[in-house]
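Paired with subunit B in one complex and with subunit C in the other, subunit A is shared by the two complexes that follow.
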Partner chain A sequence: MAANLLDVDNLSVSFTTEAGEARVLDAVSFSIARGETLGLVGESGCGKSVTSLALMRLLPQPSGHITGGDIRLDGDSLLKKSIRDMHAIRGPRIGMIFQDAMTALNPVKRIREQLKESLTLHGQKLSKAAIQARCIELLGDVGIPEPALRLDDYPHQLSGGMRQRVMIAMALAGDPDLLIADEPTTALDVTVQAQILSLIQSIQAAHGMAVIFITHDLGVVEPLCQRVAVMYAGRIVETAPAQALFRDPKHPYTQGLLNSIPRLDREPLTPLPTIEGLVPSALNMPNGCRFAPRCPRATDRCTAEAPSMQTTSDRTLACHEVSL
Partner chain B sequence: MIRLDPLTRRQFARFRGTKRGWYSALILMVLVASTAVTELLVNNRALVVNYQGEWHFPVYADFKPGTTFGLDYAYETNYRDLKAVLEQSGDGFVIMPPVPFSPFEINSYDGQFAPHPPNAAQQHYLGTDTAGRDVLARLAYGFRIAIWFSLVLLVATFVVGIAIGCAMGYYGGLSDLIGQRVIEVWSNVPMLYIIIIIASVITPDFWILMGLLFIFGWMGMTWYMRTATYREAARDYVLAAKSLGASDGRIVFRHILPNTLSLIVTFIPFAVTGGIGSLTSLDYLGYGLPPPTPSWGELLKQGTDNLDSAWIVTSVVSALVGLLVMVTFVGEAIRDAFDPKQHTTYQ
Partner chain C sequence: MTGYFIRRLLLIIPTFLGITLMVFAITRFVPGGPIDRALAQAQAASESAEFQSSRPGDSTSILSESQLNQLREYYGFDKPLLESYVQWLGKVVQFDLGVSTRYAEPVWQTIADRLPVSLYYGFVTLVLTYMVCIPLGIWKGIKHAGTFDHLSSAVVFIGYAVPGYIVGIALLTAFASEIELFPLGGFASDDFDDFTLWEQVKDIVWHSVLPLISYMVGSFAVMTFMVKNSLMDNLAADYVRAAMARGRTFGGAVWHHALRNSLIPLATHFGNNIGIVLTGSFLIETIFNINGFGLLGYEAVVERDYPVVLGILVISSMLFLIGNILSDLCVALVDPRVRFQ
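Let's turn to the complex of A and B:
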């Protein structure tokens, strides 16, 4: 029996493009214990969403494929499973919340039908009354007022926040062990964001789910997540307990990210620090450390040789210049 | 009573709001429903005969020889004559259908040559064709064949076309590439020549003709469904359904298909008019249903060959144009009413 709910071990993903093979994920490893929340943080295009899709084996076909590594759920390799077995895992074992609830709900189906589908998809025989009751309960759980009335609505009749709540309710319907939340609050305004975040927290507490929280917004990571993995250009550069990461970031990239958050206690009228340069193209990755071209502390060794992962009991770090 | 939710009611209200579509639909529904009882409306057999106190209902009965009614012949009773006879003798009465002619019956009148012009006294309201058969009777029975031919063809081509189009669009890749090429090649087989060749070997009946038009007609829908499925399959809700563990079939039929409904509905009237048009033109060319099957195409052919008997061509062209225009109006109204993208616009 594996100790962790999910182990991702040296996962590599490539996309076949017209310009060649793009290695979007390169030896990504992390793990999640039951009930834990892991924040997966990085810039746009660093591979966060691809990681989440790869976990569900839902990479865009036919271009995306897993080229190496392993994903184990409760010690079972997901990569060896048949598509039919994967259907049984998506939903009851791993649920997913998408960034844009506007498009992730089927526009021509009522909320009732969409919820009902997630309840009955896996062979459960439920009576009509039981489905109705469970749908209302789910919508109530995610904080939708007058859930019985909302059941007959179409997605376009709901506000953005309501739709995101419905998405969460659909993901919860299968009572998954692991919830992947792929930037669930990016499309929402700030007040609704806060509500959705606290909703995810309370649901997690109530159901004892593990959550992978994918975001580019460091501000939401600290209160929500126990551990944080920082991704850069398809690699994980640092993982640490959330508080330790924010107090004492080790990797130059993490430091750069944290420095570029606007703060009230910063000296007024000074320019906001930024990380110079751009994320390298997945088609043309630097040989050594992928952050080296933008890193203030890069040396010749950094451009020549990729750093190996340093690990302690609760942190990992991939950097030549800094040690744990 | 079926419980109608507000949205369906609103769609229905919007459908009714398009007046010409709504009235066309009413007329078409009546016309299509009437094909179930065409025999009661257009027939040379009487609806009711009361002869010497006995009741007869010859429409759906076996043929009754003239001797049944005291006439001096053993072939099938001419009920129009019987009516005149009984009115004179007072032995009973006959109620004839509104158009008392069969589509196959050749009517001749002393001192006149067919085609006979419209004549209310003879009850040839639209005249007769060159063989002396009543035009209105031929139109009515021809309509029955044409509309059902077209509806059955519609269902067959749509079921197959949608299924194949969805499969190509959803699975994409090699299956799409190969499927498309096969369909392109198949589309270029000249349907008309095949039908001419086959019609010269065997006499096509309703189902053979339907089969031929189906074999060469199912491709039309695949193009549209393929692109529509491509577009819908890239949407997040499909990914969301996959993340819930939905199977491919379920995603295609429960999620993608409903989203392409307005597209499908838009094509239905075109397919109906197309089916009627195909049958009519094949009949016109003489490769359709064998004579003496009542058909609009054959009537159109007679009409254009005998332009001095203008009632033939006028009747059939009016009927054809009227029917096709009504179907198009209905299609337009349905599309407006069902378009899910219109729910949020203000009218």
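Let's turn to the complex of A and C:
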């Protein structure tokens, strides 16, 4: 058996748009061990959702395509799998929860109908009573009160937090080895966010599944994740164990992100530091380091030449100016 | 929800009163009404009489004042507008639509004669349009930007751009005159009554192929593209992706998830289509020599056959009002988020 559950190896993704070919992911690499939680962090539009969809081979068709690299689950290349094999992987091997549970649930179908799919789509022969019992159990597991009644509800009858719990229950139903959570708390109130985060944490502990936790908010990563991959404009710029990253961020972009987290120990009434400038467009990427135009430490070399990946046993870094 | 529909049903009453009162008033003021016609007819008759006897005419009115009053009384024009409207309405609620001035028979009779033909064309057009447009739209949506999509779009758009009666004339010229594949017109053959049932069915279908195509070409584009666009919106929706992330095949996600959502816009249209079923198109009816509602309405307006005009108005406005409520009901049936208060 391969050492890692998932290896993403120089994955590149392009979209065919009216304005031309947009290379949205450029040689993205990271890996996850069994039972590990990886935080995938970056500003909006850097390619986090595209990464997660590429892992599921669910990129928008026909515009999105994987142009290079490989994705290996337990050493098996997902890109070589037939569509039929992918159907068997989606659900029981890799589960996914989405940013906005309102739009990720079919508005015209009852919760039962949608939850049931996760139980019956993969060849299991379950009696009606067994399905009902399992659905109730699943909703109970994700902390939904009166689960038997909620099964008859339509998505719009539930609150945002409850809907996200339903999504989590659906992903759990397949008992996947890997759970991809794409900004699962972004659409929720802060208090509900905290509940969902701790739910994911406890589920992860109970089931021992690996989790890719995608967020644009470094603040929620520290308690949840063992390792963090920082993404900028379609590239991974730094990966590190979570504690090491927070203690000693290497990449100027990571430093910028950490500085812009609001903190209680900061001097009151001082403006929150931000990263100047804008994310480059996928149609018009800088030649060298993509962060160079916004980087306080950029040199001529940074604008001319893309940095190669430095690696140590537990960290990676793509920067000319800093070394590991 | 029940309360909502009861209120909607009650609202039919004032709306209906408004529509009919307006048209009733118009019949009073538009020139060329029955009195004018009677005068003109009398004039024409006396002129031809004069011509034959070659006697110089006197300058007095053709009809005497008492004759005119008799006519006004006969047509109900002798009373004030509101009074005669109330009188007319009183008869309508007892299902009495009066007597056609043109055919001198009860309006119900005139309408009932045309009803089967119009109902046949209306419902067959409606059913065929749904039966073709829904699968076509779905197929186009799934195969978006493929060869089939482009080719069918071209055909559908041409059909949309060319009015139904032009299509009718073209079809008639090509397939009934040049190649004698279909009859030149009419609802059924002259010796229809002598046919066996099976021959009768075949005869009606044979007569209705060309008119049905003419009826359908217009609504084709709207419906097909409504289905296609709505399906494509839903195919791109998160919940379709989420269903596939649970292991649904693409086809399964379309069938079990996207389809019902993309038919919601059709449900809003359903009621309107019910209303249109009966109105028909007088141009297509004229071209194909079909004695339906469209032709009847047109002729009634031209001939100022007001009882028939008002009778058709009563029926079509009721259909429209009920159709609207049916639309709401359909939407509430397919979309659980919709709850009318």
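The working rule: the second predicted complex is superposed on the first by the 324 of 324 C-alpha atoms of A that agree within 3 Å, B and C clash if a C-alpha of one lies under 4 Å from a C-alpha of the other, contacts with A are read in each partner's own complex, and residues count from 1 in each chain.
We take it that a contact is a pair of C-beta atoms (placed from the backbone, for glycine too) under 8 Å apart; a residue touches a chain by one contact, two chains touch by 3 or more.
Bear in mind the structure is a predicted one, so any value in this text is a computation, not a measurement.
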Combined model on subunit A where subunit B meets subunit C, clash or fit: clash
Partner chain(s) touched by A:299 [first = subunit B, second = subunit C, both, neither]: neither
Partner chain(s) touched by A:67 [first = subunit B, second = subunit C, both, neither]: neither
Partner chain in contact with A:152 - subunit B first, subunit C second, else both or neither: first
First, second, both or neither for A:108, with subunit B first and subunit C second: both
Partner chain(s) touched by A:91 [first = subunit B, second = subunit C, both, neither]: both
Partner chain in contact with A:311 - subunit B first, subunit C second, else both or neither: neither
Interface residues of subunit A shared between complexes with subunit B and subunit C: 56, 58, 62, 87-88, 90-92, 95-96, 98, 100, 103-109, 117-118, 121-122, 154, 156, 167, 170-171, 173-174
Complex contacts: residues of subunit A adjacent to subunit C: 53, 56, 58, 60, 62, 83, 87-88, 90-92, 95-96, 98, 100, 103-109, 114, 117-118, 121-122, 154, 156, 167, 170-171, 173-174
Parts of subunit A lying in touch with subunit B, wherever the complex brings them together: 56, 58, 61-62, 86-92, 94-96, 98, 100, 103-109, 117-118, 121-122, 152, 154, 156, 167, 170-171, 173-174
Residue ranges of subunit C touching subunit A (in the complex, touch as defined): 145, 236-239, 241-249, 252, 256-257, 260-261, 264, 334-337
Subunit B residues touching subunit A - in the complex, by the definition given at the top: 5, 7, 172-173, 235-237, 239-247, 250, 254-255, 258-259, 261, 340, 343-344
